[in-house]
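The structure under discussion appears below in the form of C-alpha cells.
Chains here go by letter, A, B and C, matching the order in which they are written, and residues are numbered from 1 within each.
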Amino acid sequence: MTSKKIINKMADNIDPSLFEFAEYDETKGELSGYSNYSFWRSTVQVFMKNKVALALLIVIAAVVAFTLIQPYLPNQKSPTQIYINPETGMQFRNVRPNGEFWFGTNSIGQDLWARIWSGTRTSLFIGFAVGLFEAIVGITIGALWGYVRKLDALITEIYNVWDNIPSTVVLIILTYIMKPSISTIIFAMCMTGWLQMARFVRNLIIIIRDREYNLASRCLGTPASRIITKNLLPYLVSVIMLRMALAIPAAIGNEVFLSYIGMGLPIDIPSLGNLINEGRSLMMDPNQRYQLFFPAVVISVVTISFYVIGNVFADSADPRNHV
Amino acid sequence: MGHKSIEEIINSEVILSVDDLVIKFNLRGQELTAIRGASLDLHKGESLAIVGESGSGKSVFTKTFMGLLDANGRIEEGTIMYKGEDLAKYKTEDEWIKIRGKEIAMVFQDPMTSLNPLKTIGKQVQESIELHQNLKGEEAKKLTLEILNDVGISEPEKRYKQYPHEFSGGMRQRVVIAIAVACNPNVLICDEPTTALDVTIQAQILQLLKNLQEKYNLTIIYITHDLGVVANVADRIAVMYAGDIVELGTADEVFFDPKHPYTWALLSSLPQLGIKGEPLYSISGTPPNLFKEIVGDAFAPRNPKALKIDFIERPPYFQVSQTHKARTWLLDPRAPKVEPPVMIQKMREKWGGADEK
Amino acid sequence: MKNKKEILLEVKNLIVEFGSRKKKFVAVNDVSFNIYKGETFGLVGESGSGKTTIGRAIIRINPAAGGEIIYNGKKISGKIDNETDKELTKKIQMIFQDPMASLNERAKVDYIVSEGLYNLKNYGTEENRKKMVEQALLDVGLLPEFASRFPHEFSGGQRQRIGIARVLVMEPELVIADEPISALDVSIRAQVINLLAELQKQKGLTYLFIAHDLSVVRFISDRIAVIHKGKIVELAESEKLFENPLHPYTTSLLSAIPTPNPRIERNKKIEMYNPGISHFDYDKNPPVWTEIEPEHFVLGNEREIKAYKKQKQ
C-alpha cells in the first residue's frame, strides 16, 4: 500500500473551522448536467473533419449556384441559338474553345458553354426530382411495409415482381410509350427508383420496430402513423439522405444511358446526356474532343461529389462515430 | 474452505502495484478525467473486488492493466508496476502481447458477444492453449478437455465440437472462463462476470471461479456493482466513486465497519436492509460530471454530512487499520464524530460487527 | 394485509404462444392469479420464465392464445371494442426495464410525457396539458424545466423517472412495472423504489411488479408469485413465502439470493432445482394448482401436496 498519501501527523495548516458541517443543498446534486451531446452538432463536426467531403460539398454548392445564376450573368449566350458567323454567313460549327465561345461550339453552331450549364441545370433538376420522389414514395411504402405486419407479405410479393424486371427494360419501355420529355424521363426513373429506398427503409424499420420505446408508444395508444413519423423515421434520416444523395448521380447516369440508346431528351432540351452523346460521336477526332471533354468533366465532378458527400454524411450520422 | 486467510494474503507478495494513476479521454473535443489518481496493490492469490457504479471508472481502471483502453484515452500520470516493468509506459502491441493472456487475462460481462459464433468452442479454448502454453495438437486437445471439465462442462468430448449458439448463457460464460484459464494467467480480471446471468447460474459461476482459483493458483480481480457478489467472493474490497478509490479494506471491514459516506450510502440502500412500509435509505442526486475538474471530495454534493473542507480540499487516505483505509475528512482527528446511518448499525446488530470472528 | 379484497385483475388459465403453428413456443402455460386493488403483486422468475410475457399480455402487446384476462369485471383479452381499448389505455400502463431504450431519443421530454395525453385527447386546453406535464415531472422528483430537454441529457435514474412520469400523467389504476430497476445502478434503485412506493400511497395505485431480484420484490410486494418456464409454481404473501417456501424451485431461488454479508455468503450452499428428480412422477400424476393454506398456493401433484402439508406441521 502506498503510504505517500497517508497523513498520520496532526500538524497540518488547515483552518479548524473547516471541519464543521457544510450546508446541504439537495438540488445541487440533481443539477450536475449530464451531457451536452447534440446529435446533429456531432454529425456536422465529424463531417467537417473530412476535408475531401467538405471540399466537394463546396464544389457542388458552387456548381449548383452557378447553374442557377449563369443565365443572368452579362454576355451569356443562349444555349439553343445557332450562332452564325457574320462575316462568312456560315454557322459557327465545331469551333474550338476561344475568347468568344469559352467552351467552343457544337456541330450546328450552338455555344457549348451555355449548353453545358443549361444541361447541367436540367440534369440536376431531373436528379433532384427523382431523388425527392424516390424519398417520398420509397419511405412511405417502406415504412408501411416494415411496420404493418399484415402488409408485409403483400408488399414483399409486389417488390419481388417489380424487382425482377430489369430497371433498364422498364425505362426503355416507358420512354418508348410516352414521348421523350423531361417529365417522361422523371416519371420513368421514378418507377424503378423507389424500390431500393423502400427496401432500405423497411429493413431498418424491422430492426427498430420492437425496441422498448416503440412498445411504450403502443401502450400509450399512439397510432401507427405517428409511431412511424415520430419514433422511427427520425432514426432513418441519415440513411435517407444517403440514398437521396446517391439518387442524383444515378439519375444522371440513367439519363446518359437513355440518350445513348436514343431514348433520351430531344436535342432542343440540352442535358448532360445529350451533350455526352453528341460529344461521343466526335471522340475520335482530336480537334473535336473538347465537345466530349467538358460534359464528361462536369458529370464526373457531380457524380463523385454526391457519392462522396452522401457516404461521408451517412458515416458522420452514425452515433458510433461521434467521439 | 481451502482459501487463504486474510493474514496470509496481506503478507503474500504484491504482484501488481498501481500508483496515482490518472486516465483521461478526449470526447467530442472535451477532456474527461476518468481516473483521478487511484492507487492499488494486488497480493498474490487474493480475490479483490472493485465495487462501483456506472461512471465510477472501475472498468476503465482495469482495462489499462491490459492495454485495452479506447483509442481516445490515455494514461496521463502514474505507474502500473508488474514484475518489475511499468505497464503504463507500454505503447506498442508487441509489448502488450507479452502481458495479455499469459500474465493477465480477462473475462467479460456478456457471454453472448464474447465468443466467436463461427468457431467451435473446443477450438476457441484450444487456441488459447496453443498460444500461451506452447502445446500443440493432441497434447493441446487433452488439456482443453481437462479445462472444459474443470469449468463444469459435462461430456467435454461431445461439446468440444459444438458452437456457441448451442450453449445456454451460463454455459457460455463457463466457456469464456475456460478460454481465460487456458491462457494460464497470473491474474484474472472478471468484469461483471455474472450480471447478465440468472441468480441461480450466478451462484454456480462464482463457485466455479473460486474452485479454479484454488486449482490454478489465480489472483482474481472482480469488477462489479453487486454487493451480493462481493460478499460471496471478495477477500478485499476497493470502493470506487467518480474515478477514485474512496475506501479499501478487507470484506469484513468494509461491510461491517465502513468509513466513507459513499460506502455507507451504498450499503444502506440495499433492499435487504429495508423495513417494509418505510422508505429505503437512498442517495439523492447523480454522480458528478467528470468533464469538469472536481474540487475537494467528489461525493460531497450528495452527502448530507459533508464538512466544509470537503468542498475545498481533496481528502487524503486515513488509515483505520493495517488493512483498512478511506479517503474522507471524517476520519481526521479534528472532524466531528459522525455515526454511520441507522441502516449500518442495524446491519451490525443483525449480523455482527467486524471484530467478531 | 388488505381488508377489502376487491379484485382488480383476474388472470384465468392464460396461455401465450410465439411462433408459427409448426414451431410453437409456449411462453405462458396455463397461468392463473388475481390482483387485489391497492396491492403490490410481485411476479418473480428468471429469464425466459414468461414473466414479461404475462405483463405484455395484460397490456395487450402480446395476444393471448388461450384463457382470459378480466379487468374490473370486464374481459380485456382477445377482441375488444374501441371504447374499451381507449379506457384500458388510460387505466392500465407499463413502466419498462431499460431507461436507455424506452425513451424516444429524438423527442423532447415534453412530448414523451404527453404522448399518452395526445392519444386520449382528454386534456382540454394546451395550458392544461402543460400543467399536467409539469405536475407529473414534479411528482417524480424532476424539475419542470426538464421538459424542454432531450433524453440523452439525463442519467439512467432520471430517465427512468421520466418513464414513470409518462405513466402517471395518464392517471392509471393498474401499473405494470416490468423490471423497472434492473438496469439501474445500485444506489439509484433505492430512489426509484421509494418513488414507486410513495406514488402508490398518494395515488392509490395497484402494481404488478415483475422482477428477477427477490430481495427487491420481498421489500416492495404484498404477495409474490414465483414463475418457472411458463408456469406459476408458488404464490403467497411475501413474508410467508420467505419463511416457508414449499416448492423446490422456490427454495432453490431463495437459496441463491445474494446477501450482503460476507460471513453468510462465503459459506453458502446453493440448492439446485432439479425437476427431473423432484417431479419424477409428473407424467403419471400431473400437478394441480392447490391452496395449501389461506392465500398460499403451490403447484404440485398429490404426492407433493401431501409432503408439503406435512412440512407445515
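The criterion applied here is as follows: contacts are C-beta pairs under 8 Å (C-beta built on N, C-alpha and C of every residue); 3 or more make two chains touch, one makes a residue touch a chain.
Everything numeric in this text was worked out from a predicted model, so none of it was measured.
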Contact-richer chain pair (by C-beta pairs counted) among A-C and B-C: B-C
The chain whose C-alpha centroid lies farthest from that of chain C is chain A
Could you tell me the distance, in whole angstrom, between the mean C-alpha positions of chain A and chain C? 48
Rounded to the nearest whole Å, what is the centre-to-centre distance of chain B and chain C, using the mean of the C-alpha atoms as each centre? 32
Junction residues of chain C, two or more chains touched: 155, 158
Return the residues of chain A touching two or more other chains; collapse runs of consecutive numbers into ranges. 30, 33-34, 37
Going by residue number, chain B touches two or more other chains at 284, 286-287
Contact footprint of chain C on chain B as seen in their complex: 1, 53-54, 169, 198-200, 202-204, 207, 225-232, 234, 251-252, 255, 265-267, 269-274, 276, 279-284, 286-287, 347, 351-352
Chain B contacts chain A in the complex at 17, 19-20, 26-29, 39, 41, 72, 248, 284-289, 300-313, 316-319, 325, 329, 332-336
Considering the complex alone, what residue numbers of chain A touch chain B? 1-2, 5-8, 10, 14, 16-22, 24-26, 28-30, 32-34, 37, 42, 45, 322-323
In their shared complex, at which residues does chain A touch chain C? 27, 30, 33-37, 39, 211-213, 215-223, 230-231, 234-235
Help me check something: in the complex, which residues belonging to chain C touch chain B? 46-47, 155-158, 185-191, 193-194, 197-198, 212-216, 218-220, 238, 252-253, 256-268, 270, 272-273
